[in-house]
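Two complexes, one shared chain (subunit A), two partners (subunit B, subunit C).
This part shows the complex of A and B:
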């Protein structure tokens, strides 16, 4: 690949053209989204706004759509917390105890997640109706259930890498099981816990199907469903509102991505006993 | 009364019995070393004492009080692991102070006591580092600091030096000995290394297959091993052990086919021995009158500078001789070997030492 080191000018130009085309293809929907959202006279066509204003954002951050933003946040946070907490409590014994067929068990649970959600939506809906769980609580529960198998599998593998000697050392120093978990096991699994938390958060934030089927009113919807319901709600489609809504909807995912990235790069304090 | 007494310890892992019946008394202030071949149950015994393994049957008494069901902390025991088991996410001072924090000591007290320990172990400048930023010897010292900060009555070590290189091992060995003589904390120490055992111990327990073969001072173990296993285990190079298959007048034949004559000896004690042991340094090439004598062929000579280890064979019997001057023989030469009766260790059929 000597030629690759010093490309000819013709080659440089064609490569740049190609990259430029890729950028346009990638960025045009993005730029359309942003331009429309700040254009007070947005019409849905691709045009540079004559005036920039944040009024669409202000509309989104009030009334029903604000309510939906909060719903999304509540559902995603609750799912993330519940998934992480339950996964911890389940994964630790799976990692430390001799349970016959434990790997088989875990992998068959993971099958749950591989099934398309659509395939189980009817039993979930019927069960929810019988148990009176056709509300945000029910959505959190089912999303947690869907997340758990992988979360447990991942966390169990993480716990497996923590040498039991560390726990034995803490035990000899007087640590109870709870203290051992809080001071030794969990801090050393920070990266794993972060992955699970964020995975559960984003999947709940992005989830459309379960809240759509299980929730009844505008006031209960999270943003994923709210966006869909807002289409054509006021007779004509309000593109300014919808684009601002989309951007606000997407923002936490992006934020979470950066948080995750920082946590993963600084989170590995090193697990080995010998350091 | 002994500080720690193990009475008729028995340990099963599921259906496998690892320790059948073991008793040992550890005196206050002693440095007790457990040695034995790999898998003989040294770590298991240590972990039973520490409280990391249940005692299947038997009693553990500390200060005369039954301690089987006490939490390790209540036993007044701390332990240093082979891998040190330092908490990677805590600084050195947090590592040392962790046990105190669990006890609910005040911040000021923890700081004070961690500081004292750090001074004693020369860890002063390292207190803010993480274990990953320490050298092997420093980690070792932190592990010791963590073990002593709670002022335990007994410290257990499980092969603490085996991760270090040879030079550091010697240094740490000396540090540990100094530490023990300064603080006098009762210590139980597991090792593979004979030199460690011989130099550090006040008493050594030689274990085999979950049993204690002999529990004695290093000198006694070396000079008067009570059974052939201990005789072969302690000392390097290994003691020569001849298993007698038949005695014919004033000659005896070993199972491996060496013929040893004891014609010049007045005593007939040798005639009763089932196993005769003699250390390589007591086997002389040439031999003198009044010694046990036999012929052997030189197989290999290891020259170590100040001494030579000569490996010989007679029949299929392998013999090792150690000469502190240059060995006066060549490979494949037939030589006469001799050793004095006073230097032999004799054991009867049951493996008991003959007086």
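This part shows the complex of A and C:
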């Protein structure tokens, strides 16, 4: 668009060179990661493997690291489900009912949304210590809490765009509230639900600070803390193990994104416009 | 108190409110926690020892300490430098330029660039930190492929250029977000406007500066706000990459706060740091929101 309606050849070449550089800078860490993970004699240096083996992956998928993979999965799935369910049930009435001080509520949600985790981590730690919630359950609850303001705001915006005539028609046909929600409202807001689920899943999958502060044993760690604890642990870094671990840790986040991509583009457009 | 104009909801207000209760409780708890941090910041509560059980009220002592000792102010400066270069210049700048260049470009090239950016964004923070620390190690990719062939000695990049590396890795990590957002925003600009500027003789820089940037100013302001807020409180990538070191070179506010609260054990002082962080971010937000509003007038 900006490169001009009829760009000169010199400009086309320089733009392509620039884009080529961007691609190389962005992809070289990834190619290093993959090459090292399949190299049985992996060292930190950049070398093309002489033979390819999956032995590092086999090591990661056993023992403590497998346990940490499952911990991450449980935490992320539980957070995503809980966030989506709780946000749905709150965002629908928020969108349809006339609630006093609605604007104030919206603004306070927006404010909470920008609150960094460091702002509440100390009381979270203190209550967790007293209530015995310094475990995976406590982490799920706190991550849901962190995700909710944004989830409710986004979902409310989505419900607002669904024409109410459809629900009215369903009501006249005799649909109950539950049927209306399950068969009219939720299917129409698939894109919004996908964005919230994805955001909650990846942020929980990615989360480092809360599990780092709240969990103590490597059997309880999710992969984020597990990977952090593992690098530099044995004096010399075991690059084969760590790269394979990283790939297995990164894979679900990438996979979920591409599975939901179609829905997400609509959702992101909504984020951009509504802020 | 709660009313609705929708017929089908008239009799269901009660179940709807009950359904919303869990969310209301969560949100209230969020507010309570925030208030609790403020309360703790006025005490000398400690992680362990006698002060953990019976903390005493110390007034503004913790806040005075923020200004009186240099640790906090140093961290503010480090965070500001980190945020400015990695988020504003790096993520927003590069993301915007790429979005503009790739709009209307070849589909396949665009696909490849998008995929590469996305990988950085989707890779978890700790993976990004591990990758960049390995790349920067004395026998890592940066040394063996770039510096050695150019005739430089092997160097421990993480010791010598910690801040630069942290900034670069955060640009690598976060540019995709700004790119996606600006790319979606550019779709709303009609082609005719840009073409009209072209016909009137505006060059590429002028079209960017006087047509696209003013048109997209609200979206740019929103994104700058979001990215600044996130980056100002960013913890995991820097912590896993450098731990705030060497020395205090990359000790941003979140790391300073973590160390004071959970390593030194001064929960009261840590809370004061967290509150100060929030106030700084709030101040920046007001600034950006004003900018965005001016543009709408």
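The rule is simple: the second predicted complex is superposed on the first by the 237 of 275 C-alpha atoms of A that agree within 3 Å, B and C clash if a C-alpha of one lies under 4 Å from a C-alpha of the other, contacts with A are read in each partner's own complex, and residues count from 1 in each chain.
What we mean here is this: a residue touches a chain if its C-beta (ideal position, glycine included) is under 8 Å from a C-beta of that chain, and two chains touch if they have at least 3 such contacts.
Note that the structure is predicted; figures quoted are calculated from it, not measured.
Q: Which partner does A:179 reach: the first (subunit B), the second (subunit C), both, or neither?
A: After superposition on chain A, A:179 lies in contact with subunit B alone.
Q: Go through the superposed model and pick first if A:202 touches only subunit B, second if only subunit C, both, or neither.
A: After superposing on A, A:202 lies in contact with subunit C but is clear of subunit B.
Q: Does subunit A have more residues touched by subunit B or by subunit C?
A: Partner touching more subunit A residues in the overlay: C.
Q: Scan A:187 for contacts with subunit B and subunit C and give back first, second, both or neither.
A: Only subunit B is touched by A:187; subunit C is not.
Q: Quick check for you: in the superposed arrangement, does A:171 touch first (subunit B), second (subunit C), both or neither?
A: Both subunit B and subunit C are touched by A:171.
Q: If you lay the two complexes on top of each other, which residues of subunit A touch subunit B in one and subunit C in the other?
A: Subunit A residues touching both partners: 168, 170-171, 269, 271-272, 275.
Q: Where on subunit B does subunit A make contact in their complex?
A: 50-52, 71-73, 77-79, 81, 83-89, 98-99, 102-103, 130-134, 139, 146, 150, 163
Q: Across the complex, what residues on subunit C touch subunit A?
A: Within the complex, subunit C touches subunit A at residues 1-9, 12-13, 15-17, 19-20, 22-24, 26-27, 29-34, 36-37, 40, 94, 98, 100-105, 109, 112-113, 116-120, 122-135, 137, 139-141, 144-145, 172, 180-181, 184-186, 189, 191, 194-195, 198, 204, 207-208, 212, 219, 222-223, 225-226, 229, 232-233, 235-236, 239-240, 253-254, 257-258, 261-262, 267, 270-271, 273-275, 277-278, 281, 285.
Q: Please output the residues of subunit A touching subunit C within their complex, sorted ascending.
A: 1-5, 15-16, 18-19, 22-23, 25-30, 32-33, 36, 43-46, 86-87, 89-90, 92-94, 96-100, 108-109, 112, 114-126, 144-145, 148-149, 152, 164, 167-168, 170-171, 177, 180, 202, 205-206, 208-209, 213, 223-225, 227-228, 231, 237, 239, 242-243, 246, 249-250, 253-254, 257, 265, 268-269, 271-272, 275
Q: Can you tell me which positions in subunit A touch subunit B when the two form their complex?
A: It comes out as residues 163, 165-166, 168-175, 179, 183-184, 187-188, 269-275.
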